[in-house]
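Please find the structures below.
Look at the two complexes coming up: chain A is in both, with chain B in one and chain C in the other.
Up next is the complex of A and B:
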């Protein structure tokens, strides 16, 4: 691995921005109506356990990425294709987020700009960052972490200051626990918490793995609390029904901000939040896909992979669905169940089990692929 | 060139010859002839031959270059002592004894050296020293008479303060070193000299405080200075371009200043200063982006005031960067974001204008850049005319003619004023370039384009390093200690640690045990 290292603080920022990324704008767990925030907190617990699974896998193979230790654990014949599946998966999820951003941008701001142009601009900017390596990615992410948290807190302050919050929209609390649980698992659990699987590709870049892993828990908890809070705010401003029907609930919440007819139209903040969050989410998927491809196909110079994979991102995000409603339906119903669950939870658990059995049987000599 | 000398000295000189150098001749006449020939019979080479003492046994010659020697010193302490005052020469002494005598006592100037090779002697001569040659000596004695007309120390032109010292560097390296030494009276203030430039042989000094500056940093600076291959260094800008980490960036990664107090402050933090002869600007490395926003006056004013003015500077940089771009983006993409009464006003103005917002903004910004450049380059006598044309014709008439909206003129004016408010000139130039890029992106992609450009800009700044220090250092990576003196400035007594981003050898400014003495205790008043 290169000398480029990510500090624990930067690791925190990476996970925080990644988790909040697109999830707070598209609105999470609104199937559970006014109890969405509970569903998010419940799902967060699952996310923490899953992060523990990734952490213990990393502890056994500290120098390897996910695609590397899959081959160690399952052997080359099974592991290599599975690694390829993960690369495709990362590209697919990344393209979905890309589509989220471009859709919001075209509905809100750039109604006459073609999607492909927005995709290309975003991907090219990301390629520039990734070309300079993980250190620049982590540092840029860190700077925008400050900007992001500032705009988030400012948005919350504006919403509170305009007196929009009606806490009675949140009542009754815990109306239907069955519904809450079925929203939390698998839906909210897989997106965004399960998506931390992408960080298994970057764990070897961590400067101080012990404290770095620990700070990851903190990042997941704090980002979970933030998502839960924002979801509660969405519901308490517009009511559960409107929030669940709106494609971008935070957007519809923010458009209502109006302080003395002077501070209004602050949806600029929302779009900033979405673009920054989404940008740094996609860039991590992009990076993971590049790292995985370089690992599987043994390509030394990662820079040469940036454009080919970037082009896949641009066009996949175009073709992923023909309309916004199709896109959202896929994202909220089909993908979590048939794609997220097995790949985020199933296979890592399987890997952990197999490596545990292997070690028990005394054959764990960490054979290099 | 000097091949005809080879026969006399033979093998002894072989080592010197290998480096293109030859030893001195012991014949005075031929030495002088040779010297004149090498300097192309230049009229400013002065040769004064005379007999030493009353017994006109042997001739000596004093050689110097007119204009770069201090004539007063030369006449008083070289010529006079050799010709008149030296009674020792009355006795009959041998040539060797005379040589020793002159070296030891007769030349009553500060710095006396003897040279055996031509190149050394010519270097000394061209540095303004007086050379004494004698009949039958195979060496030359040089006395330090460096001087000549130089500019006196003046007030700083580009980094002015209300409160604080009013001296600035001059074109003379020695004076500049003296200005720093006067502030830091420590034996640990070390100076290393090198010569850069094959033809110009410019003196370059590397100044640092031994025991504070990081050894690794010193080695890097030394190595980069050594690597410079050029014929002439005329300004510290030459050095800057050679030693900076990355060329392809609008951002300066080497700090430059004309104020000795800034240099001294930076040396105290463990940085290295590079002084170049004939340049009133010193270079300081390593630097960060945020250093360009720290005026030295921040440390001379009260800390709360200093924090406020510093924040103003950051804000005005941002304003000078994005204002025109945001104006274009808002008017052409997001009119719904402008409050309605304001929007009506703007549309009313824009209705008359025959250009799209981008063209209008580009034209106005460009003409402002032209005016600014004209203001800098025009002869002082013409600057009044530049102002009149700029202010009246462009500001007033363009609006009345309906070629630009008054709000566009306001935007350009705000941008210009904001760009003047930065503490350091190089950083405000960088904003000028980036501004145009942002305007284009704002015109094509609205606020999204500006946002993306800002992400890219930060990413680009993160790729920059200044001698191993990340350019956005106390923020990415986060260094909590350095936050005390970046966006804000805490009181001086709380700044007891040196910035960690430059890895000083000694971390604390005050010894551990005495730190409490620096803090002011609550409720204690002098009686």
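Up next is the complex of A and C:
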């Protein structure tokens, strides 16, 4: 394992871009209609607790990644296959995000470009970043963080300045708490908050683990507030009716921007937000998959894994579903329940429990894998 | 060998860097500025006309002289096609137009009255589904006529008549309060809400109908064919049911809090010939709704401010009591407008004010029980109106000039 390289500020940027990534463009939690923003805030609380679980696992095994300490806690026989499951999971979720991004790009902009081309372009540039290791990833991410936040704030400013916000679209607040709760858990809780599990693969790279972990909390809270704010903006501009029918609500919102017939048609900002956010979300899944594979199969030179795994990403994202409806159906109904919940919440809790019992029984001497 | 491979790899990246997969040149497109939907012929459902910018005429027109345009044709060109849905007409248009239609700059959607009367429920789907579509397209209904005639219309001042029309509407919203801008997202939201019906401004082509599409029309100072905003179309279940005229439409604008400016003309004491014009330019309307014994009670509080704009009778405005009397009169007038607007809507059981939506926002529980039968509940709702008008200024003079005779 290389020495720690990611500064706390970079850690913050990584989590922030990861969380906002695809979630602000696809209009999160709109099943709860005008109360989507409440559902997001509720789900964020669960996300914070989950991050605490990952943090305490990390404290017990400070220089191991998830795939590493699974084997320490559950033993090689159970731990190794489970580690493999996680790698497959990271690749699968990463390709889902890749598909999200390319689908939105083709519907909104590049209507004649084949998906495979978009996938390849993105994955190739990601592979190049990862080839240079976590330090370059963190630094690139930090640079784009500023671009991203700037475009985001500019978009919000333009929307507000166009006088598009209609707060009455957000009324009545808390119309159906049952619906809000069922939207928050498991949907919004697992995507994007539960997905922070991928960061367990990168925690050992933190330069200053203590303050790094702490700043992670802040990153989740701030990104949660941003996602909530943007979903509230989407609803208050177009109304919950239109927003919930749109696969890409932020785009519909931005098309309405018009300041004195002078500043208008600023949807390029949305595309930037979409591509930057999506890129850095996928690259983290990609990196986690590479790290995990290198760990499980004891491959020293990570660079050799980049292309094979990248190719899996490109083609898996193509084959994952045949249409947008199928993609959404899987993403909204099947994946959260049967993949996200057990792998994001179930197994980490189990790991924490087992490691706690093991230490209680005084047998914390873990065999090195 | 490996060096050659190395350079080949680098060279192949050059192909990726061009980014031209989806390239479209500007001259591949026909920029659509307005779209007019009429009833179709020969068994087809719609006949849709597209106003397309004639970029050659705009670019080299030589500014305001208008002489250049004569040789290069009119600033806009119309293509019309029939089809059973909007997309079919778009595709069919490409049998006639040399370039692909491009909708990102569409400003107007005009709906012919006959189509509006038959219903516009799902007419708008294509417009919001289009990846270049904009939610802020302005929607208008063409009164007593074909939308096509307005799409063909050539306008002075603004060379693209779609822009001319949308600017007219914006100015009317600011100064008359009898018409206002309704955009696509608003209409779609209203159509999909149970508690609000859409309202769409009307426009009419008046004068010599045949002249509207002639270049000679705009070479006269008094146009033989002109456009005029006329009334507001009231919808119910997606169908146009009736028109609200002038002051009644203004009553609606008062309730919707959409007013930006309007002129109240009041009679002077004793004489109907002499008038006082009060220009109002600040408004706030607060609305609330309660349900008492299954009967909705709607309360409307209007506050408005303005100044004397014209007075052709010898009122003594130095006397504050006189101003107070004018305020009272204005209150009565506004109240009457509002009451008539509501009565009209209640008569056709069409909740154009969104009181149902208001109830949904303020009391979702009650709304759930009333929403099924909302039009009926709305029709028997009790209305309480409170109006406060403040006349703050009198313009550049206080009293009018004396008339010694």
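Rule of thumb we're sticking to: the second predicted complex is superposed on the first by the 368 of 369 C-alpha atoms of A that agree within 3 Å, B and C clash if a C-alpha of one lies under 4 Å from a C-alpha of the other, contacts with A are read in each partner's own complex, and residues count from 1 in each chain.
Quick note on the criterion: a residue touches a chain if its C-beta (ideal position, glycine included) is under 8 Å from a C-beta of that chain, and two chains touch if they have at least 3 such contacts.
This one's a predicted model, so the numbers in the text were calculated from it and none came from an experiment.
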Subject >> Contacts of A:121 with chain B and chain C, given as first, second, both or neither >> reply: both
**OP:** Have a look and say if chain B or chain C is in touch with more residues of chain A.
**Re:** B
Original post:
Looking at the overlay, does A:338 come into contact with chain B only (first), chain C only (second), both, or neither?
Top reply: neither
Subject >> Touched partner set for A:110, first chain B, second chain C, both or neither >> reply: both
Original post:
Does chain B (first) or chain C (second) touch A:255, or do both, or does neither?
Top reply: second
Original post:
If you stack the two complexes on chain A, which partner ends up touching A:276: first (chain B), second (chain C), both, or neither?
Top reply: first
Original post:
First (chain B), second (chain C), both or neither: which does A:177 touch?
Top reply: neither
**OP:** May I ask you to decide whether A:265 touches chain B, chain C, both, or neither, giving the answer as first, second, both or neither?
**Re:** both
Original post:
Both chain B and chain C contact which residues of chain A?
Top reply: 109-110, 113, 121, 265
**OP:** Enumerate the contact residues on chain A facing chain C in the complex.
**Re:** 107-113, 117, 121, 168, 171-172, 175-176, 238-239, 241-242, 252, 255-256, 258, 265
Original post:
chain B touches which residues of chain A in the complex?
Top reply: 7, 9-10, 105, 109-110, 113, 118, 121-122, 125, 128-129, 132, 135-136, 138-140, 142-144, 146, 262, 264-265, 268, 271-272, 275-276, 279
**OP:** Provide the residue numbers of chain B that touch chain A in the complex, in ascending order.
**Re:** 333-334, 336-337, 339, 445-449, 451-452, 455-456, 458-460, 462-463, 470, 472, 475-478
Subject >> List of chain C residues in touch with chain A within their complex >> reply: 16, 21-22, 104, 128, 131, 133-136, 183, 185, 188-189, 192-193, 360-364
